[in-house]
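Structure record follows, encoded as structure tokens.
Every chain is named by a letter (A, B, C, D and E) in the order it is written, and numbering of its residues begins at 1.
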Amino acid sequence: MSLQIFSLMRHELLLIAVLLLILVAEIFWDPARKKNIRIFAVILFGIITLLGFLPVPEGSLFGEMYIVTPVRLMMKNILNIGVLIVLLQSITWLGKEKNSDKISEYFILLLSTLTGMSYMISSGHFLMLYLGLELATIPLAALAAFDRYSNNSAEAGIKLILSSALSSGILLYGLSMIYGTVGNLYFTEVAGLFTGSNLALLGFIFFFTGMAFKISIVPFHLWTADVYEGAPVNVTSYLSVISKGAALFIFIIVLFSVFPAISVVWQKMIYVLSILTMTIGNLFAIRQQNLKRFLAFSSISQAGYILLGVIGGNELGMASVVYYLLVYIFSNLGAFGVAIAISNASGKENIDDYNGLYKTNPGLSLIMMLALFSLAGIPPVAGFFGKFFLFTAAAEQGFFILVLIAILNTIISLYYYLLVIKAMFINKSENPIPPLKSDFPTRLALTLCVGGIVIVGFASIIFEYIRNMSFGV
Amino acid sequence: MTTDFGYALLIPLIPLLMFLLLGLAGNQLKARLSGLLGTIGLGVVFVLSYYTAYKYFFATEKIAGAFSKITAFDMVWLRFSDSLHINMGILLDPISVMMLVVISTVSFMVHIYSLGYMKGEVGFERFYAFLSLFSFSMLGLVLANNIFQMYIFWELVGVSSFLLIGFYYQRPTAVLASKKAFIVTRFADLGFLIGILLLSFNTGTFDFSILCDPQGAAIATGSGAAFLGLSVMTWSLIFVFMGGAGKSAMFPLHIWLPDAMEGPTPVSALIHAATMVVAGVYLVARLFPVYIISAPDALVVVAYIGAFSSIFAAVIACTQTDIKRVLAYSTMSQIGLMMVGLGVSGYGGHEGLGYMASMFHLFTHAMFKALLFLGAGAIIHAVHSNHMTEMGGLRKYLPITHITFLIACLTIAGIPPFSAFFSKDEILVAAWHHDKLIFAVEYIVAGLTAFYMFRLYFNIFWGKETHYHHTPHEAPAVMTIPLIFLAFLSVFSGFIPFSKLVTTDGIPFEGHIDWSLALPSVFIGLVGIIIAMVMYKKETSLPDKVAATFKHGYKWAFNKFYMDEVYMFVTKKIIFAYISTPVAWFDRHIVDGSMNGISRLTNAFSFRIREFQSGQLQKYGFVFISGVLLLTFLMVYLWN
Amino acid sequence: MEMNQIIFILFAAIIVVFSILTVTSRRILRAAVSLLFVLVSTAGLYFMLNFAFLAAVQLALYAGGIVVLIIFSILLTSHISQKMEAVDLKKSVFSALAVILGMILTITTILQFSFQATTAAAAEINMEVIGKAMLSYEVDGFVLPFELISVLLLAAMVAAIIIAKKGSPVSDAPNPDKP
Amino acid sequence: MNILSLLVLIPLLTIAGILFLKDTQKTRLVSAIGMGIQLIVAAVLVFMYLSERKAGNTDEMLFVRSYEWFKSLNIYYTVGVDGISVAMIALTSIVVIAGIFASWQVENLTREFFISLILLSSGVFGFFISLDLFTMFLFYEVAVIPMYLLIGIWGSGPKEYSAMKLTLMLMGGSALLLVGILGIYFNSAPGGGELSFNILEISKIQIPIEAQRFFFPLTFVGFGVLGALFPFHTWSPDGHASAPTAVSMLHAGVLMKLGGYGAFRVAMFLMPEAADEMAWIFIILTSVSVVYGAFGAIVQKDLKYINAYSSVSHCGLVLFAILMMNKTAMTGAILQMISHGLMTALFFALIGMIYGRTHTRLIHEMGGLMKVIPFLGVVYVIAGLASLGLPGLSGFVAEMTIFFGAFEHTDPFHRIATLVAVSSIVITAVYILRVVGTLLLGPIKNDHFNHLEDATWFERISTITLVVAVAAIGVAPYWLSTMIGDSMLPIVNKLLTANPF
Amino acid sequence: MNNGIPLQYFLILASIMFFVGIYGFLTRRNLIGILMSVELILNSVNINFLAFNRYLYPDRLEGLFFSLFIIAVAAAEAAVAIAIIINIYRRFSTVNVEHVNEMRF
């Protein structure tokens, strides 16, 4: 294996290496000091994240099965940042006694899904895409069912794995039809040979819905809320941000680079689906009491907004999606970070429990507020810029009505985000959550999120950087 | 030329300064001192005004035999467009100079008088501040050199009137009266404003010197377009007159005037008798060339409204018992007469007799009506009541008041040689030549006027002997001196040769008394007086009998022809109950309701669709599959 | 009718019938056995298509591995003779409707498409070719997926272990779930 | 450092300063000092602007600075002012300082209160100096959002409901607005070339009429919601009623002006052809709004509701004037914004102060307050007189300018609409006098009121600042009107090319 | 060996199997039954891939390999799914999917 291969594939290879290292550590480490694996793993992953940013030439490996372009690299790096935050946020939770016997398993599962995602993003062949997708899903089901003694967790696990099995079955059926009409499944060749015949379209749509399932686009989203609610909070935050983000990344890459010939078709589909997605997501989010479930629906509607960037179909669309994902990672993880901190300390996960939070925990409340504002797209935090670019991308294609519907939807979403803010700042509570002191990793994670939320928007260089490496249909 | 009269700027400014001084620092000063300051300020104005009058009429060269129009001061205040800009200026011409004299005289007298009348009242300095504000506004009004400036001061006059009527702000009736006065005149001012809008856009200017130039372009351009049969110019001038009618309490906008008597009596004398209420007359006079040339139809309206108001008010005045209200209706009646004078006037030379007479009457009326009010004030001051039923035989207690009051009554009754004889007579002459019907009405009014004034006079000073709680005593000197001064003016101002001073075109003409018309009017006045004497000099049952004879008529007149009820109906019922309440309801329930409805709908919809999220894995699968198939069907077979 | 057609129809019939039995049988163990039949006949089809290697894999991994796993878990979670309750009528009707419509949609679409018969020579399929392709990192090489699947299997193993592993419940925080 | 950017920076620095303080007294002081400096800067700006103009600088915008931001989308941070923005900035700084003094007594979460308040004001300043649609929109939302917390936390009555309603409706407006802005952006280079967010550059080209027809109503209504355009005004009564004093002041005084300002600077200026075509719809709506608001105010019982409806009426007049599309009327619109801003801020300040003493805002529960709190009473009367358009106070100048401008249209439609609008001056008088009569005059209704104390020093500062401004404009409107009118010329010229009536 | 059998036969067979699997997924009450339905679905896809490979693109082995990997993934998936199902059985004492609905709405 030459150095060039290594440097091109360094994300995945390093991940596998770390994965094995953790396995080895699990086997040979003194059981009394197993808790240190957490720190060990996070530090190793931090190094991977940093290494990911090293400049690298473009290229492809394994006969175009594995493709590296700057934007794909950027996507992986964005995911890495998110995972780093997730891992930091998990440390406290993993330190609890009930999890003491499965610390390294958590890391192995989580990093293996990340490996899958990275491969998926770099895939140049539908087989790679499929395998990456499965690798990103199957261990996740286990993670969702991670809490062996919780009914909800088990339910989440089974719902995730079975519905994802169904969806991947449909996706595969679609792929088989594409294979039948095109003759092979290399991205470059499919792009060249794909025709608009009915069967090919059918294959494409089946494939599309399989991806839509991962991104939780309505009506393929129904698993999302239950799984998010049931899974442990840390896993939920991972699911809602990283897993969804990875699927979106490859989705947009496939649409832009493999199926540009039928862009009219998928633009129409996305048009309808994005309206459905944001509206339904919002309508469900309004009534939620459980914060995780609430964020699940909010993340569904977020996916709807992101589709506006996808529908743009051009450079700007891709840049806006990638950029928004970056923003979304910081914002959503910020919100989840607060939820995790509170859940760890008090076990409370309902919005009502947050009543009067500002009085006792002003810092956490402020972070939550920033994160929610960012999710709602309120300036001057990053979410505003992200949404603005998404809408700009859609508007550039003349989808002004769609943009209008989307913005009107943001008002509904603002409504329920404000409900949380209201709970924290305005409502009074008899027994508010007592002041809590979070440990260093949690603080570090939250600081990263806040930094991201505040800086990513104003620092135009980030957007310009992403924009320069994006490509369109 | 302007430099000569540069000082004229001081005339309105001094009261303004006084207002600011007393208004801002009044509560720091001693009450007495603020009163004196205000009075001294007005004294200066008084002197300056008389000096100006002298200088203008006698020391300034005439141009082509006419009094020149002098712009003593001019600056742009606000610019709308190149031609339309509001200026602040001072225009001196015969009528404005005449008004200066009227206002400064009456105002000065009232200032002096109030030193006694208002002594010891709470808010003494406030009273003087408001008086100064009023004087400033009124002077600004008459000196205005453009119609918009006039409007500005018009509003200011209105608000100072509002403040002064509501001077006793803790008395609910006063508050109501002030509100009513303001709103009714405000409504009239709306007409004025619309009139100004129409007028200025038709003529392209606000400036009186351009607007009122008979040969000027403004008048010529404006008479073109027509609307509902009348030219736009006519409409605009009718609207302008609406403003004047409001301020001058012409029917049907007169309803505020009797209630305005809730204010302190000196205020009634100053504002609601002598100065502000004649602003409407002044307005029409100011725009007279425009009226007569561009819109003679509007002038007909002026004449008829004036005539109707004068007889309407005169009839009511015969039945009222509150002495200030009698005077108020009398004021309305007299102003109607002035309006008639303008309405029946022609333009130029002797044709403009009505105009001259109207101004003349304005002048004399100011003097004797102020005198009447101040006299009434002295009476009220002595008796602590407004009602003539509670008075009688006061001639013994209040000798000076009695004499001056009698002089005023004779004057208003048009008995020679008192001043009003001359002015009223000339109006009748003009009316005779112009419109016989109006002449007839005014002839009757002259009789009625004499009757109700002497009804008042006899009821107060003669009539039954009334027992008073405190023995009434004559007012102090500060109050009687103004009475005497005004009585003096009432008697002698009739000899001022108005036709040499104030005419339509500024060119003097020879006026003379037309005895064939004057004698009958004196006669009817005397008849009125005699009837009043018979009925009221001694306490008899005669008045009740007469009242019983004209039962319905009396009742209607006594209730002021139910105009207040109409007003209440319009405000309480129509505006409050039928417009505002429904609007407010509509806003809360329909407009806002639809906004809330959207959110309620969203919530309800969100509740409805919750079944989709049933928790059943297989239902999720079903939705998934249906979605896939539907999408496939749509995209492959329908939209492809 | 030629022999291979008869064989195909036989296999197809078995597949269809036992597929339906798999999803309708009320005894879960019988369903598992039906599944086994389906998988075995599918392997037969693979043979017909000349994919002997895959047929072998099918038999070994699917029929041998997965079905055994399934039967094992059935034994763990149900009584052998346990009959499931009958399927809710509404549910089955709607599902059947959707499925039939889907079938019609798919099959008509398939039939509309005219497949171009190939002219390319068939590649020889033997273990060597497969093995080389599996380890090739050129075009049409599958070493990378191979590596990926190994990670997947490792992860699946870990996953299965931590979930199925028994341990005593530890509770250090109030359990937010319902009991 | 550009003086304009300073206007955004000072509030932010003040916020930073407050963050380091724990003491509430110091918080107030720092806020007051910060906003005082802001006022001085604004005054300096006015001075600089006038002297620059006097020196013969005839550029459309002065002190223009542009910094590249998102290059690929041509988003710049561009600032610049003309007479209109200078006037609005002056207005804002006056109202803000008055607001700071009016909220001297906020006890609960003082720091947070001042931070939100100043953040809001920085948004407003930013909005007025922006020449780039993107930054303009950004500042617009920055100004709107703190509102939620300000009303929700420090408000009274059904504050949560009101805050939510206000926020959502305003965001609804900004939703339309955002689409409008994007539409303008993508049509800013019809002949090919670089797209632009810069208002000045866009104004040089003509946006295709089809696009205008679609985006003009969106933009106009979007801003109109904030400008209380009927029927999207219903956030205003509830919002104002629940908001704490300073917030009502800032909101009615300044924030609602963003609507009018934006409507003409963006909607009318950039899309004059469509504006000309569609003006009639909005003229009907606004002239209805003028009368409707006034009638609505007549029967209200709560002081704040009265004022809120009155604001609907007055702000309706602003939009009405803007739609008249001539120099006089539009100058009048700006004057009306300033005038209404000042006097409504004054009103709300007074209502807050009265409420703080009587603990009721229902007028029929009060009466005769003039006797016990003469200072506040007199100022209230002055505010009322300004509101009903008394000459010598600012309202008159603005209204007359509007009416004369509107009357320049000679066709019956405009004339009738104008007459409808003009008639509001009577209705205004009715409700103002009703309030003054019931609230201040007459006998004292409640014995408790006999012991009320008159205004404290900070309340006096707050109100006197505003009264002086109201009176100054009313007495000497010439310079202000000229400054605005001159800046209006380029805009009107652009409009005239579209509508040579 | 496959002459005389049109490609479409295979595809139709696979479609039937696919949709029968889906029917099973939608109606089976037993979680394991659902898992078996999924296996049917995957199996049908395999038939598609192989049939295409043989009939249309016999020069390359993509279909073959795709099927191979699908089988491997199916095995992994089944393993994890069964582990979770067993856990479900422990927690809920049932493997009836309709009873596994604690979280909804």
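What we mean here is this: a residue touches a chain if its C-beta (ideal position, glycine included) is under 8 Å from a C-beta of that chain, and two chains touch if they have at least 3 such contacts.
No experiment lies behind these values; they were computed from the predicted model shown.
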{"item": "Chain E reached from chain D - shortest hop count over touching chains", "value": "2"}
{"item": "Neighbouring chains shared between chain A and chain D, ordered by label", "value": "B"}
{"item": "Chain whose average C-alpha position is farthest from chain C's own", "value": "B"}
{"item": "Chain pair with more C-beta contacts, C-E versus A-C", "value": "C-E"}
{"item": "Closest chain to the centre of mass proxy, which here is the mean CA position", "value": "D"}
{"item": "Centre-to-centre distance between chain B and chain A (centres being mean Cα positions), rounded to whole Å", "value": "77"}
{"item": "Whole-Å gap separating chain B and chain D, where each centre is the average of the chain's CA atoms", "value": "37"}
{"item": "Rounded Å distance between chain B and chain E, as computed from the means of their C-alpha atoms", "value": "97"}
{"item": "For chain A paired with chain E, centre-to-centre distance based on mean C-alpha positions, whole Å", "value": "27"}
{"item": "Residues within chain A bordering two or more other chains", "value": "127, 131, 134, 138-139, 141-142, 145, 148-152, 157-159, 162, 166, 170, 180, 198, 202, 225-226, 287, 415"}
{"item": "For chain D, residues that touch 2 or more chains besides their own", "value": "168"}
{"item": "Where chain C touches two or more other chains, by residue", "value": "91, 95, 98-99, 102, 105-106, 109-110, 115, 140, 142, 145, 149, 152, 155-156, 159-161, 163, 177-178"}
{"item": "Which chain pairs touch, all of them", "value": "A-B, A-C, A-D, A-E, B-C, B-D, B-E, C-E"}
{"item": "Residue ranges of chain B touching chain E (in the complex, touch as defined)", "value": "610, 613-618, 621-622, 625"}
{"item": "For the chain B and chain D complex, residues of the former touching the latter", "value": "76-81, 84, 86, 148, 151-153, 155-156, 159, 166, 169-172, 175-176, 178-179, 182-183, 186-187, 189-190, 193-194, 197, 200-201, 571, 575-576, 579-581, 583-584, 587, 591-592, 594-596, 599"}
{"item": "Interfacial residue positions of chain E with respect to chain C in the complex", "value": "1-5, 7-13, 15-24, 26-30, 32-33, 35-37, 39-40, 43, 46-47, 50-51, 53-62, 64-65, 67-69, 71-80, 82-87, 89, 95-96, 102"}
{"item": "Footprint of chain A on chain E - complex, ascending", "value": "11, 14, 18, 21-22, 25, 31, 34-35, 38, 41-42, 44-45, 48-49, 52, 56-57, 60, 62-63, 65-66, 69-70, 73, 76-77, 80-81, 83-85, 87-88, 91-92, 100-105"}
{"item": "Chain B to chain C touching residues, read off their complex", "value": "618, 622, 625-626, 628-629, 632-633, 636"}
